[in-house]
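Each of the two complexes below includes chain A, the first together with chain B, the second together with chain C.
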Partner chain A sequence: MAAHLSYGRVNLNILREAARKELREFLDKCAGSKAIVWDEYLTGPFGLIAQYSLLKEHEVEKMFTLKSGRLPSADVKNIIFFIRPRLELMDIIADNIFSEDKLHPARDFHILFVPRRSMLCEQRLKEQGVLGSFVNIDEYILDLIPFDGDLLSMEYESAFRECYLENDQTSLYHTAKGLMTLQALYGTIPQIFGKGDCARHVANMMLRMKREFAGTQNQILPVFDTLLLLDRNVDLLTPLATQLTYEGLIDEIYGINNGYVKLPPEKFAQKKQGEGSKDLPTEPKKLQLNSAEELYAEIRDKNFNAVGAALSKKAKIISAAFEERHNAKTVGEIKQFVSQLPHMQAARSSLANHTSVAELIKDITTSEAFFDNLTVEQEFMTGVDTDKVNTYVEDCIAQKDPLIKILRLVSMQSVCNNGLKPKVLDYYKREILQTYGYEHILTLNNLEKAGLLKPQTGSRNNYPTIRKTLKLWMEDANEQNPNDISYVYSGYAPLSIRLTQVLARPGWRSIEEVLKMLPGPHFEERQQLPSGLHKKRQQGENRTTLVFFLGGVTYAEIAALRFLSQMEDSGMEYIIATTKLINGTTWIKSLMDRPESQIP
Partner chain B sequence: MAPGALLLEAHREYEKSSQKADEYLREIKEQNVLGDAVRQCVEAAAHEYDPDTQKALMRAASFGKCFLTEFSPDQFVTTCRELRVLNAVRESSVGMPLTHTQFKQMTLQVLIDRLVYRQFYPLAIEVCRYLKIPDYQGVSRVLKHWASCKVQQKDLTDEAIARAVCAKVGDSPGVSYSDVAAKAYECGRPELAIKLLDFEARSGEQVPLLLKMKRSQLALSKAVESGDTDLVYTVVTYLKNEMNRGDFFMTLRNQPVALSLYRQFCKLQEPQTLKDLFNQDDDHQELGNFYVTSSYRDKRLEGRLAQLQSAVDEYNKAKNDFAVKATEEEMRLLRFQRKLDDEKGAGLLGLSLQATMEALMSLGLHKQAEQLYRDFRVPDKRYWWLKLKSLAEKEQWEELEKFSKSKKSPIGYLVREAPPLNSPL
Partner chain C sequence: MMKSKADEEDYWNSSKYNAFTFDDADDELSALKETKKAVNSIGPLLAEDGEEDWERVSWSGEPVGSISWSVKEMAASNQRADREPAFPKISTETPSLGKSQSGISLSSLFKGETVIRSLLGDPSLRLYTPELRKPKSEYKDLVSDWSAEETVQRLQQGKGVTLEKFRSLQDKLLLLDLAVAAHDGNAITAVLIYLKRTLCKEVLFRELESRQTALRHFIHYLTENREQRLLLELLRALGRTEEAALLQYKDYKNIADENKRRDFLKSCLSLQFGGEDGNHVQDHYTLLERQIIIEAADRKAEREGKLEVFQKFPRKASILNMPLITTLYYCCFYHYNEPEQPAQRPKQYFTTALAARAKLKNWTDVDAMFNSRNWLGFSKKKSPLSFQRVVDILQKNSAPTRVLQEYVGLVSDAELRIGLAQKHKCHDIVINTYRDMKDRQQLAEYRKKVERGSAEERKIDELLSNQQIRWKN
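For the complex of A and B:
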């Protein structure tokens, strides 16, 4: 069911199993039939840990979504709230409890806080006068959720916003705790590198937490050699650029949520014989995307321009395999063929699905609008005319293109120019307010606070230096047979991944100058291993680095790291962790403030 | 004669290098009771008080063991260790004349407890170490008791005690400095308690006691240090109830992390307090934003305009010229929209400038749209696109031609040859 988690260098299924075990234990603590009331946000991430079948085995009979008012009737002994520790949710729970039918036989209430219980929330329940109604208040420590064989995410949506706009480091505390859990399962990570203020903060907390657990020495042979902590604000540019890998584009265009994407159904209509194409499905087509699907694992990280060729090659292989049946003469051979049928049929349906997805995407990537947008992005990234008002952006505003697209472009221009001239910045801001509405003044303010938009100050534009030193722009990037990570953005090599690459070889000392230009401190820490746990490395054995992106990571960056893992001479394998899987749109959206007008 | 006695005898002869040893041994072996003999010697030794007799019996057992294969050494080893412990506690200085049976009955845990109660800490620790009891049940437990006792010594200074405790306890796992500190506090030594808390590695653990001791400032900084934001919130809520507002704000001011968290809390729960916080910090930019946000909550236009005016004032103080102008423009736009809504029922209120012009054009109110274009200095390009689209949508081709000739198009011309021309784009 989750076998793909254990294919990689590090068996992430251990983490999932640990999470499942804890969940079962909690459910068994509440004896008898149960109904779960869900904080809706949690259902997606939980789906990656346990399906309904597991809950059912432990007598979960009903599931509801948390909302005010009376709980739906359910003839169960226990009502369990699965909930994030947020005050507003506590008020809803209190309301639920007050609305209970007094005539009914009393039901037992439980709360399971995810990922951690909170005194503040319990205090709130107490103030509301319902704390005593709970038989059981517990926490379910779910920080890092395995998404794939090499990918962990906390799915903490507001992490970037909280850290950089609100100076709220709750997400970093959870990060540090999550890393401690990870170390408990996979051994102490001997080396920690980091860049950025949040990275420093997380490393400090980790080291302190380690001291707090002094004495309980971890006797597990370390699986990870290195941990690299990277602040998202060290590289604000990458998420703004349109991702050009297959998976990246699916996310940019349709949005991948907790490993699922919802697609327009038209292209997936089952054409059955004898039926017209009259009744098209109206429900969006839901596809699960992970490496369990062989074909997807093969093409997800390719530049989209190389996906067509890969699909047609696959098509040939599959039809050749089906042709084999004509060669099957003996009963034995036929039996052999039949035994392979299910696998072949799965491959064929997977191929059909991805051909349809690729067609959908192609319709967009071949459009003029997409091309124009990409051209401007690439101009910005190569430093062409970044100090003037860009006519394309101006036109997009005049055409009232989606605001987020505009914000992405303007932010990108600002980042690539180390800030915009005040006149240019004010012009853009005014255009945005006049076109999309004055209320966005708050969003613009947020973008300025986050450093995405800024007026140029006296200092020189250092972006060109950074670009040149780190080789962020590669002419003639090879999309079909890449030899450099820049293929993921057809020319632009993500800064964050370059930093990772340089760290592995030749080391950060070679780029001290550039590191100083990027925000926040860079550092290195070592964690003592108990003697006897020092790894004896086999000749030619790769090292494993866990790269943790604080504030989010894009699929294209993940693709670039996978590319580095696969390079023969890199000698390094990467496992990726993040607070949230993001793309430019979801990221900017998380930074927006939109007051609702109350005037009728 | 019991086989054990015979074995003892055999060993004695063996010591004397007498061949009788062999004789006795053979006798035992012939009856196949050598195992029993060894066990009997060991057991007897356990019940003896006199160390010399114990030794003689154990040596005999050891001697007998040599002639046995596959004989488990456990009993022998355990008894040796237990005897050492028993002999130690039977010393006159300790004075616990325990029999082996008593010892077994009361268990080792209880023995250690008794030693602890009699304050024989060094011996208790030695015993724990010698018997290899896991730290958290053994040494650490003793140390914890020792430290709790140490803090009650009235003749020593706080400094001396703290140093002594730290030197002995060090980083021993399972000794909670907070617990020791709590004891010190109970004994009326708050200063000592604070000194001890400093050694506590888990910042989170320090907080509840500090709050109890009314060291709220320290509790706050410890909570911040722990990185656990929930803990910070807890202390902040506590402070809020304990202190008067002025002191509370001052305290937060010295703790930026706590202040940010409290702001977050207020944003959701107590918007008015948020305003006071910004006021106290003279954060005019944030105050401006605050008024903008609350302006949208106002149900009447007058209220909204008043809020926006306050925003303008704050932005002015923050020297944010852009925001001042933008906000003033918004106020002007709102008034304009209201006027037209009243006059023509245009339904404009709340639209963006662009959307307002668009709506006006589609209502055929071109003059008013143009007025906005001029008043708000809309760039020609954007205005031209809008007008072009609007006229094309309504298929007002003559108007469009007139407009296109009114001056040189800032957005260029697109030549299309063949009619029908459905859209100018």
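For the complex of A and C:
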């Protein structure tokens, strides 16, 4: 089921197995039959850890989603709430408990907080008068969830908002804990680099936690050579730009959730013989996206303009494979052909699916609206007229385009100009408020607090210097056969990944000046290894770096890191971890006042 | 003719940013189609082989047996009364290599923690809540003499503690500082809740001021807990009046009744907002005030059925709480010719009014909007918007070619004009523009696109045979 997790440089299946074991242990602690009441948000991430069959083996007989009112009847001994520590969810649980039928034999209630218990929530349960109803309150430490062979995410949706808007560092504590778990499984990471305030915090916590566990030496040979902690606010620009890789565009347009995407069904209607006018399916088509699918692993990180060619090449190979059947003459040959059929069928259906997805995306990327938007983004990123009101943005507002699109563009202009002239900023704000409603004062305020929108202060615009020094804009980005990471945005090289690249070679000392222009401190720490655990490196053996994005990472950035891993002379393999997989839209949404997504 | 694909490509590639190169877009699109065809042609061969079964365990979507799938299934089966639920019977467990390492569990990883627990003789390794819900009398028995450091450590581990023994202000603050040093939001919050209960506001606020991290957690706690009043007091005590003002303003969202909402907004006007926010709130108030008046009048008019426009175009929704521009559009739609015109900045007003009048297909009003007379009495069409945008708006409101043509002709940039004219099939404009540009080749090319034997074709032929014109090519 999760074999693809173990193909990479680091076997992330170990982490998944540890999480599964923990889950089994918890379930066995609640002896007897049980029903689970799910915080719906958690079912996605949990699906990456365990299937229903595992729960069933441990006497989970029913499962429900959490909602107010009386719990559905179920003849079980235990009711377990699998829940995120959020206050509003506590109120629903309290309501469930109050609505319990007093006539029925009492059932045992349990709470399993994911990823951690919260004093605030227990306090709330206490105020509601239901805390005493629970036999057991526990936590399931699910900090880092393996998404793919080289990708871990905490799926901590509000991490950026909490860190940069509310200045709540709880997510950083979880990050540090997650990194400790990782080190317990994969060995102490000898070298830690970081940039940004949050990075500094996490590193401090890690070092302190290590001191507290002193005495119990970690005897595992280190798998990672380096950890790089990066604050999202060091690079606010990248998530605002439209991603142009295949996977990035799927996420931009349809949204990838816990490794799945829901697509409009029309293009996936299966034409079968004898069924002329079959009704079109109405349910969205759901696809799982990860490296377990050979074709997807091959094309997901390509620039979208290179995907068409890759697909047609694949089609030829598959057709040729099917033609082989004519050459199968002997029984043995036929048998061999048949034995390969399942694999070929899988390849065929994979190809059919991705051809359809590519068509859907192509419809959008070839539209005028998409092109115009992209043109303006690239003008901003290259520093064209960033100090004036942009007429395209103005027109978009006049046409009442989605507010998030506007906020993305205006934020991008602000970031690329190191803040907007007060007059320009005020003008945009007024236009937005008049068109979309005054209640967005609060959202605009949030964006200012997060540094996405700001009035230009006395200091001069340093973005051009950053752009030039880090070569953020490459005129001749090659989309088909890339030779630089800038291919993921067709010209723009993500700042975060440039920092990673420079760190590997020639080192950050070469860009001291630019590092000072970016927010927060940069630092280097070393963790002592017990003697005997020092790696004896083979000649030409690659080093492994874990890059941790605090506050989110986009698929295009991941693609850029994978590209660096694959470069022959890079000498570095990257494993990626983050608090949340994001894109510009989900990111801005998380910063809006009372975003809908936060209401369960 | 629609702007052909090739023309579009040319336009893109000639623009400054050929960012996302579409050079071979055509090729690629056809390649995609071909690929699809190829794939489909393989189809029939496979249909016999039980494709369905195969797909279920591959990536046809959510794998059968996943958690969210099962939850959904159960919800459905549960509705069918209380029968034995049918479980999906697909084995998804694969013997995985991880088994050999399965001696490792996450909780056992933190050896330090286990060590501490066993040192303290804590037998209930995971069941550590009972303390919280035992009656007070029993509670006391559990009080052990933890130091502040140990207490914070226990808090971090989620173990029960009593904070009551920290009585002096100094002890309490020490506890807080230790929790902050641990960077554990849970521990910090726990201490803060205790401090809030046992300290008077003034002291608490004063001490928090010099402890920024704790302060932020406290603000977060109050926000989450909806303790609005205390939060406002805190912000004011800290001199963060702008933040307090916004926070108070935000409360209007909880008021449903429009009159009460208006009064509340009015009461916000005296708050100290930062930057332009005060003006925005003032605008918000004024807007709602007007909307209330308009809504009352229009609802009455609609009910009485006296005004034709309300019958012809029934209102879809109340205008209350709509954004300003929507309100403006509404007024331009239903109340255009009334004396009181909103005093908006020209461009925005113009865009909105144009869209509203176009929606009503009132081309006379549309036309009048562009008329300005100079002192000689000649009229010349003027617009605060580019005529390209004007065409765009009109076209979105399905204006007929006759109307569009007039405004396409006013686009000053020739290239742009030709593009638009081609898109909207304004042949005359295309032809005249090529003539003015003396571009014989393009004109000849365009001849292929117009209908055979049409007036346009004849016009092109006339021009091409005209000896007077000095063609540039």
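Points to keep in mind about this one:
Simple rule for what comes next: the second predicted complex is superposed on the first by the 591 of 600 C-alpha atoms of A that agree within 3 Å, B and C clash if a C-alpha of one lies under 4 Å from a C-alpha of the other, contacts with A are read in each partner's own complex, and residues count from 1 in each chain.
Just so we're on the same page, a residue touches a chain if its C-beta (ideal position, glycine included) is under 8 Å from a C-beta of that chain, and two chains touch if they have at least 3 such contacts.
Predicted model only: the values in this text are computed from it and were never measured.
After overlaying the two complexes on the shared chain, residue contacts for A:118 are found with chain B and with chain C alike. Contacts of A:254 after superposition on the shared chain: neither chain B nor chain C is touched. Touch criterion not met for A:392: it reaches neither chain B nor chain C. Put simply, more of the residues of chain A are touched by C, taking chain B and chain C as the two choices. In the superposition on chain A, A:167 makes contact with both chain B and chain C.
In the superposition on chain A, A:435 makes contact with both chain B and chain C. Judged by the touch definition given at the top, the superposed model places A:337 against neither chain B nor chain C. On chain A, the patch touched by chain B and the patch touched by chain C overlap at residues 87, 116, 118-120, 123, 166-170, 172-173, 176, 201, 204-205, 212, 214-216, 395, 398, 400, 426, 429-431, 433-439, 441-442, 445, 593. Across the interface of their complex, chain A is touched by residues 135, 171-174, 201-203, 227-231, 233-234, 237, 256-257, 260-261, 263-265, 268-269, 285, 289, 292-293, 295-301, 304, 322-323, 326-327, 329-330, 333, 349-355, 376, 378-379, 381-382, 385-386, 411 of chain B. Across the interface of their complex, chain B is touched by residues 85, 87-88, 116, 118-120, 123, 166-170, 172-173, 176, 201, 204-205, 208, 211-212, 214-216, 394-395, 397-400, 426, 429-431, 433-439, 441-442, 445, 593, 595-600 of chain A.
Residue ranges on chain C touching chain A, taken from their complex, read 12, 15, 17, 19-22, 25, 27-29, 31-32, 34-36, 38-47, 49, 51, 54-55, 58-63, 65-71, 74-75, 78, 82, 85, 87-88, 90-94, 96-99, 101-102, 104-107, 109-112, 115, 126-127, 129, 132-133, 155, 158, 183-187, 189-190, 193, 212-213, 216-217, 219-221, 223-225, 246, 249-250, 253, 275-277, 280-281, 283-284, 287, 321-325, 348, 351, 389.
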